[in-house]
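The data blocks that follow each hold one structure.
The same chain A turns up in both complexes below, where it pairs with chain B and then with chain C.
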Partner chain A sequence: MANVTFPFPFPDHLITLLPEMIVAVLAMTLLLVDLFISKENKVWTAYMAVITIVVAAIATIQLYPAGSIEAFYGFFVFDPFAAFSKLLLFAATAISILISIDYMKDENHVGEYYVLMLFAMLGMMLMISATNFIILYLGMELMALCTYVLVGYQREVLRSNEAALKYFILGALSSGMLLYGITFLYGVSGSFDYSEVGAALHATGNSSDPAVLLGLVFLLAGLAFKVSMAPFHMWTPDAYEGAPTPITAFMSVAPKVAGFVVIVRVAVDVLPAMQTEYMTILTGMAILTMAIGNLAAIAQRNIKRMLAYSTVGHVGFVVLGVIAGNADGYAGILVYLSIYMVMTLGIFAIIILMRREGIQGELLDDFAGLSKVRPGYALAMGLFLFSLGGIPFLAGFWAKYAVFIAAIEAGHVYLVLYALLFSAVGAFYYIRVVKYIYFDEARVTFEFTESRVMQATVVITAVAIVALGLYPDPLMDACKAAVVGLI
Partner chain B sequence: MLETAFFNLFAGLSIFAGLGVVLSRNTMHAVMFLIFCFFNAAGLFFLLDAEFLGIILILIYVGAVMVLFMFAIMMLEVNVSKMRDNFLQYLPLGGMIAVILMIEFVAASTTGVFTEGAKATAEHLAMDVNNTKEIGQVLYTKYLLGFEIAAIILLVALVGAIVLTIRGRKDAKYQNISKQVNVRREDRVRKVSM
Partner chain C sequence: MELHNVLDFPILSLSIFLPTLGALIIWLFVRGDNAVRWASLIVAVATFLVTLPLVLQFDTTTSHMQFEEFHHWIPAFNVNYQLGVDGISMPFIVLTSLLTVICIISAWSCIQSRVKEYMIAFLVLETTLIGVFSALDAILFYFFWEAMLIPMYLIIGIWGGKNRVYATIKFFLYTLAGSLLMLIAVLAMYFKAGHTFSMLAFMDYPFDFTWQFWIWIAFFIAFAVKVPMWPVHTWLPDAHTEAPTAGSVILAGILLKMGAYGFLRFSLPMLPDASQYFVPLMVGLSLVAIVYISLVAMMQTDMKRLIAYSSIAHMGFVTLGTFMFTQAALEGAVIGMISHGFVAAALFLCVGVMYDRLHTREIGDYGGVVNVMPVFAAVMLFFCMANIALPGASAFVGEIMVLIGTFEAAPAHLGVSAMWIAVAAATSVILSACYTLWMYKRVVMGDLVKDSVKTMKDMSFREFGYFVPLMILTLWIGFYPLPVLDLLHVSVSHLIDQVSTSKLDAAAALLQAMPAAEAAHH
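Here is the complex of A and B:
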C-alpha cells in the first residue's frame, strides 16, 4: 500500500467535542432502540432522551474549560462562553422534552419526535461552538431541518401543516440569504474562518466596499431571521401558533440562545473592523423589533401568538446587549436568555396543562377566572407574567437591568429610554392576562391534565423566578465569568 | 489539436442537446436530451483535467437528479399543450433573464480576465494533480467535522421525510405477513358434504 502523507496532523483536543459526540451517538442509538419500544411504553424514549442530555451536561461540566480551546484546526472552539450556553441549551431541551410527554402521548410515531429534538440540540451546540462559517451553516441547517419537521409533526392538524410550510419556505430563504452574505465575505477575505475574515476586513480597512457591506447586510439578515428580529420576524407568530405547544416552547428558547451566541461571536471575531456599520444596522433593527413585538402583542387573542410577539419584543431587548458591545453587554445577554428561558418554559408548561379533550386552552379568554378554580396555577401564571413584564424583584427585572445597564455604560442612553418605554407597553399586555385570571368570571370549565412531571416543572420554574428575583448575584457572576476571555 | 477536436465535439453536442431540451415536444425526450447534455458537459470537465467534477456530474446529476426528474414527470402527467398556452405569459420574465445573462457573458468576456496569457496559465493547471485524491485528503482531514455534520443532516432529512409522510391510517388494509405465513389449511379450506 502506498505510503500516504496527510496534509494535516490528527486533530487536537478531540475531547472537547465529547458532549457533541455523546448526543450524536446516543440520539442515533435511541432512533434504533425506539423501534423495540411498544406504544404504551413510549414515555421511556422521552426519559432516555433526557438521560442523553444529562450525560452530555455532565461531560460539559467535567470539561468546563478555563480558557478557550480550539479543536479541529480552528473550526470548533470550546470556551466558557460556549460551555455556559450549551448548559442553557441542555436545560431548555430537557424541559421541553419533559413537557412534551403528556402532550404527545396520543401521537403515532412519537419516538422520532424526541430524537429530532436531540438532533436539533446537536445542531445548536455546533452553532454555539463554530468558529467557521461552514460549521455555522451546517449546524444551523441541522437545527432548522429538525425544527421544520417538529413544527409540522401533528399531520392531522391543518394549522400545524400550514405553520411548517410557512416556516420551511421562509427558513430556506433566510438560509439562502445567510449563504449569500458568507460568499461575499469569502470573496473579500478568501477564508471561512471567523478570525481570518475579521483580520482580512481589518487589513483592507475599506469597510465601505460594496461587496463587504452586501456581505454584512445579508449575514445579519440571515442571523436576524433565526432569532426573529424585525423585520425578519414574520414567520414567528404563525409557526408558534401552529406548532405543537412544547415545540413552541422549545423554539422560543433554544434557537434564540444559539442564534445570539452566533451573533456575539460574529460581532467579536468577524466584524470589529466594521463596528459603526453593524451597530447602525442592529440599532435600527432593535428599534423596530421592540416596537413591533410589544405593540402587536397587545392585539392578540391567542396566548401562543401573544407569546410569539412577546418573544420578538424580548429579542429586541436582548439585542441591546450586542449593541452595548462590551463584556457586560455580552454577560447581560446570557443573563437575559437564562431568565427568559425559565419564565417561558414555565408559562408554556401551564398552557399545556390546560389542554382538555382535544381542545387546547390557548385563547386568552380561557384563562378567565383561573384563580378561583386552581389558585396554585393562577399564582404561578401571575408570577411568570409579572416577571416577563419586568416587575422589580422578580427575575425578569434583573434580566432587563443587566442589558440596560450595559447599554447605558456604552453610552446608548436614548436607546435605553426607548426600550424602557416599550418595556412599559409590554407590561400592559402581560398584566392584562393577570387581570383575566384574577378579576374575571370563569367562562369555560377548566379541565387540567394531571401530570406530576408538568406540575413539578411549573413549581420549579416558579420557585426559580422568585429565587433569582431576590438573589440574582450567582447567575450574574456565572454569566460574567462565562464571557471572560471572549473579547 | 486532438484536444481542440474533442472540445468542439463535446461543446457542439451539448449545444445540440440543449436545443433538444427546449424544442422537443415530448417531456420525456427533453429529459433524455438533458442527460445527454450532462454527459457532454462532463466530457468538457475531463478536458479541463477536472476529472472529479466530471465523475460527480455523471453520478449525481445523471444518476440521481435526472432519475428523480423522470419519476416526477411520469407521475405528474404534464400537459405540454396547456403549457404552451402560457408561453406569452412567461415571455417577459424569461426574456429579461436571457438578456441579463447575455449582458453578463459579454461583460465578463471583455473585462480582460480571459486574455491569452491568463488562458495559458490556467491551461493544464491541474495536469499533475490527482483531483480526487487531493479533495479526499482535505475533505477527510481538515473538513472532517463539516463532513460528519453533513452526514447527520442527511440522516435527519431521511427520518424527517419518513415521519412526515408515513400514513398510519387505521382503516388502511394492511397485509399481516406473519398471519399469512402461519396460516393452516383448516383456516382456508372447508370441506362441505354435498
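Here is the complex of A and C:
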C-alpha cells in the first residue's frame, strides 16, 4: 500500500480543537434542523443549543490540559487558562440561552437567534485560544458580527435597531483600529505570531519606535472596545439598553471573559518587552474606567443602563489584575470574572422575570416595593446587589479581594486606594436599588413570568453567590491552577 | 499550633452561628407573627446561655487568647478561620447576646410590619457582631465587620422613621468608606508580615515607623467613623434618630464599641509607636467630642438625637482612656464601654416606650409624664442619673478610672499637662448633667397640660421587664466592679506592655538582617 503523504505535515494536537469543532459542526447542523422545527416548538432549538454547549464543555473537561499544548503550528494554544476561560464562557452562554427562551418566545425567526449565540461563542473560543493575530481577528469578528445581529434582533423595536446600528458602527471602527495596530506590529516584526512579535520587540529593544507605539495603542484601543474600557465604552449603555435583555446579559459577561483573556495573553506573550508602556496606558484607562463607570451609573434611571455603567466600573477593577501582572493578578481576573458572571446573570434573570403588560420592568422605579410582592425575588436581588457592591459574606467581596491583593502585591497601593474609593461610590448605586426594593411602596403592578427555568436560574445563582461568599476556596484554587505556566 | 480552649468545644463558633441558624429555621419553617417572635426570643436566649460559659470558664490569670478555634478557610491566601477571646473582647460578646435578647423583647409590640424579616435581620446582626469580637484573623474580622452593614442597612431603612432612607444610606456609605481603608491596610500588612492575616502575628511583627504611620491612619479612619469621633460623627445622630428603638439600642450598645475595640485590638498592639505618636491627635479629638458634642447635645429638641450626641460624648471618654496607656485609664475605657452599653441602651428604650405611645420624639411634645407614668418616670430617672455617672452607677466607675488614669499618664509625650486634660474631660460630668437632667425636667416633670400626654398609660410588665436586667447590671458594676475588672486586668496589662514596647528596634534589626538573609537566599 502506498504511503499516503500529505503535501504538508498533518497538524499535531488537532484533538485540542475538539470543543471548537463540536460547536461549529453542531451549530451548523442546528441551523438546518431548526428549519424543520415549528414555531411553537422552537424551545427545542434552545435546548439543543444548550446540549451543544454541554457536549463542548464535557469535551473541554475531558481534555483539560496539564500544561500548554500548541496546535496548528502555534496558531492555537490549549492551556489551563484557555480551558478554564472556555468553561466560564460555556456557562455564560448556556445560562443566557436558558433565560432567553421565555423572553424570545413571541419573536419570529427565533431559531437563528440561538445559533447566532453559538457562533458568537465559537468566535470567543477562538479568541481565547488564539496565539496569532489573524486567528484573534477572525475570532473577534465572528463574535462581533453575531452580536451586532443579536443586539438588533427585535426588528420592530426601534430602540433595538438603534442600539444595533450604534454598536455596529463603533464596533466596525474598533475592529479597524485593531487591525491597523496589528499591521504596525507585523511591519516591525514580520510575523503575526504572538511570541514571534514579542521576540522581535524584545530584540529591537527600542520601545520608542513610533511604529511599535502606534501598533500598541491601536491594538489596545481595539481590545478596550470589546471589554468596554473607557474611553472606548461609549457604545455600552446604548447597546445594553436596546438589546433584548438576555443578550444584554450575554454581552456583559461573555465578551468580557474573552476580551480579558486576550488582554492577558498580549501582556504576557507579545509585550513583555514593553511592560512600562503597556502598563502606563492600562493604568490610565483603568483610572478613567473606574471613575466613568461608577459615577455615570449613579445618574441612571434605567436598570439596564445602570448595569451597563456598572459593567464598565467592574471592568476597571478587573484591569487591576492585568496591571498587577503577577500570577495572583491573572488568577484574580478569573476569580472576578467567574463571580461577576454569576451575579450578573442572576440579576438579569430577575429583570427578565418582571413584565408589565408585555413591557419589561426596566426602570428603577419599577422595582419599588418588590419585597412585598415577591419576597423571594427581592431577597435574591438584594443578595446580587450587595454582592456587586462587594459587601462580604457575598461572593462579590472575594472578587474584589482577589484583584486588589494582587495589585498590592505588585506595589500598586495608590491605585488600589483609588479603586476602593470608587468601590464605595459603586456601593451607593447598588444599595439605592435595594432601597427601591425594600424601603419603598409598590407603584406599579407586574405580572411575573412563571417560568421554571428562570426561577431555577435565580435560585442557583443566588445560592452560588452565598456559597462562594462563605467558602471561596475551591474557586480561588481552580483559578490559581488555571494560570500556572502562563508566565 | 496549640489551641487554648478549656472547653474542648467550639463554643465561639456556636455563639456566632446559632443566631443565623435560628434565623434560617425561622425563615423556612415558622409562620405567623407571634410564633416568629417567640422563636426569635428562644434563639436569642439560647445564644445568651451559650455565651455564659465564656464568663464562667474564663481564666483570669492569662492574657493568652482563650476558647480558641482554628481552621483553614482559604489556603490560597492563608486566610484562616481563627477565633479566640481575651478579657477585652469577651465581655462584648456577652453584652451583645444580652442586648439582642432585650432588643427582641422590646420589638414585641412596636414592630407590626414584616415581623419575620425584622427578627431575622436582628439574629443575623448578632452573628456578625459576635463574629467581630471573636475573630483573630484580620480578613475574618473584616468579613464580619462589613457583613454587619447589610442587616443594619435594612433595619434602619425598613423599620426606621420618616427620614430613614437618607439616614441609612449615609450610615452605610460612611462606614463602608472607612472600612475599605482598613481592608487596604490589612492587605498591605499581609505582605509585610510574611503572608499571614493572623492578628496575633501582626501584633508580633516589627513594622517600621513609616509603615506604622500609614497603616495607623488607615485604621484610624475606619475606627473613628465607627466610634464615632468628631468630625466624622455626623452619620450617628441621623442613624440613631431614624432607627427603630431596638436598632438604636444595638447601635449604641454594640456597634459604637466596635470602633473602640478596633483601636484596642489593632492600633495599640500592632502599631505601638504610631499609637504613641498620635496620642495628641486622639486626645484632642476626644476632648472635642467630650466638650463640644456635649454642648451640641444640650441644644437638641429630639430626645433620640440628644442621646445620640450624648453617646458620642461618652465615647470621647472611651477614646481618651484608650490612648492614655495606663492600666486605670484602659480598664476605665472598657468599663465605660460596657456601662454605656447598658445606659444608652436603656435610655433609647425609654424613648421607645414613650414613642410607642405618642409617636413623637420631640421633647416639646411631652411634659408632666410623671403624672401618668410614675413607674416609667422612676426608671428613666434611674438611667438619667446613670448617664450623668452618678456614683453607684456603672458609668461612674468607668469615668473615674479614666480620669485617674489620665492624671497618672506621663505628661512628657502629650505636650500639655495631663492634669489639664483631665480637667477638660471632667467638664463632661457637668455638661452631661446639664443636658440629661434638663431633658428629664422638660419631658417628665412639670404639670400635665398636654391632652395627648394625659392619655399615656404606664409601662406594661413586659416593658418593665427588659429594664430590670439593665438596672441590675448598672448597679452591680457601679457598686462592685471587681469581677469585671478581674476579667480585664491581665489582658489590659498585656496590652499596655504591647503598646509601651517599641517595635522600632526590632524593625531596624530586621532591616539589617534582611540583606544578609536575601544574600543567603540567592
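Basically, the second predicted complex is superposed on the first by the 479 of 487 C-alpha atoms of A that agree within 3 Å, B and C clash if a C-alpha of one lies under 4 Å from a C-alpha of the other, contacts with A are read in each partner's own complex, and residues count from 1 in each chain.
Keep in mind that, in the parts below, a contact is a pair of C-beta atoms (placed from the backbone, for glycine too) under 8 Å apart; a residue touches a chain by one contact, two chains touch by 3 or more.
As the structure is a prediction and not an experimental result, all values here were calculated from the model.
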Evaluate whether chain B and chain C can sit on chain A together after superposition, giving fit or clash. fit
Based on the superposed arrangement, let me know which partner A:Val149 touches: chain B (first), chain C (second), both, or neither? first
May I ask you to decide whether A:Glu40 touches chain B, chain C, both, or neither, giving the answer as first, second, both or neither? neither
After superposition on the shared chain, which partner residues are touched by A:Ser423: those of chain B (first), chain C (second), both, or neither? second
According to the stated criteria, A:Leu116 is in contact with first (chain B), second (chain C), both, or neither; which is it? first
Which of the two partners, first being chain B and second being chain C, lies in contact with A:Val413: first, second, both, or neither? second
Minimum C-alpha separation between chain B and chain C after superposing on chain A, in Å: 38
Contacts from chain C onto chain A in the complex sit at residues 73-77, 139, 142-144, 146-147, 149-150, 153-154, 157-158, 164-165, 168-169, 172-173, 176-177, 180-181, 183-184, 187-188, 190-191
Residues of chain B touching chain A in the complex: 137-138, 141-146, 149-150, 152-153, 155-157, 159-160, 162-164, 166, 168
For a test of understanding, state which residues of chain A touch chain B in their complex under the given definition. 4, 6-8, 11, 17, 24, 28, 31, 72-73, 75-76, 108-109, 112-113, 115-116, 119, 122-123, 126, 134-135, 138-139, 141-142, 145-146, 148-149, 152-153, 155
Considering the complex alone, what residue numbers of chain A touch chain C? 386, 391-393, 397, 401, 404-405, 408-409, 413, 416-417, 420-421, 423-424, 427-428, 431-432, 434-435, 438-439, 471-473, 476-477, 480
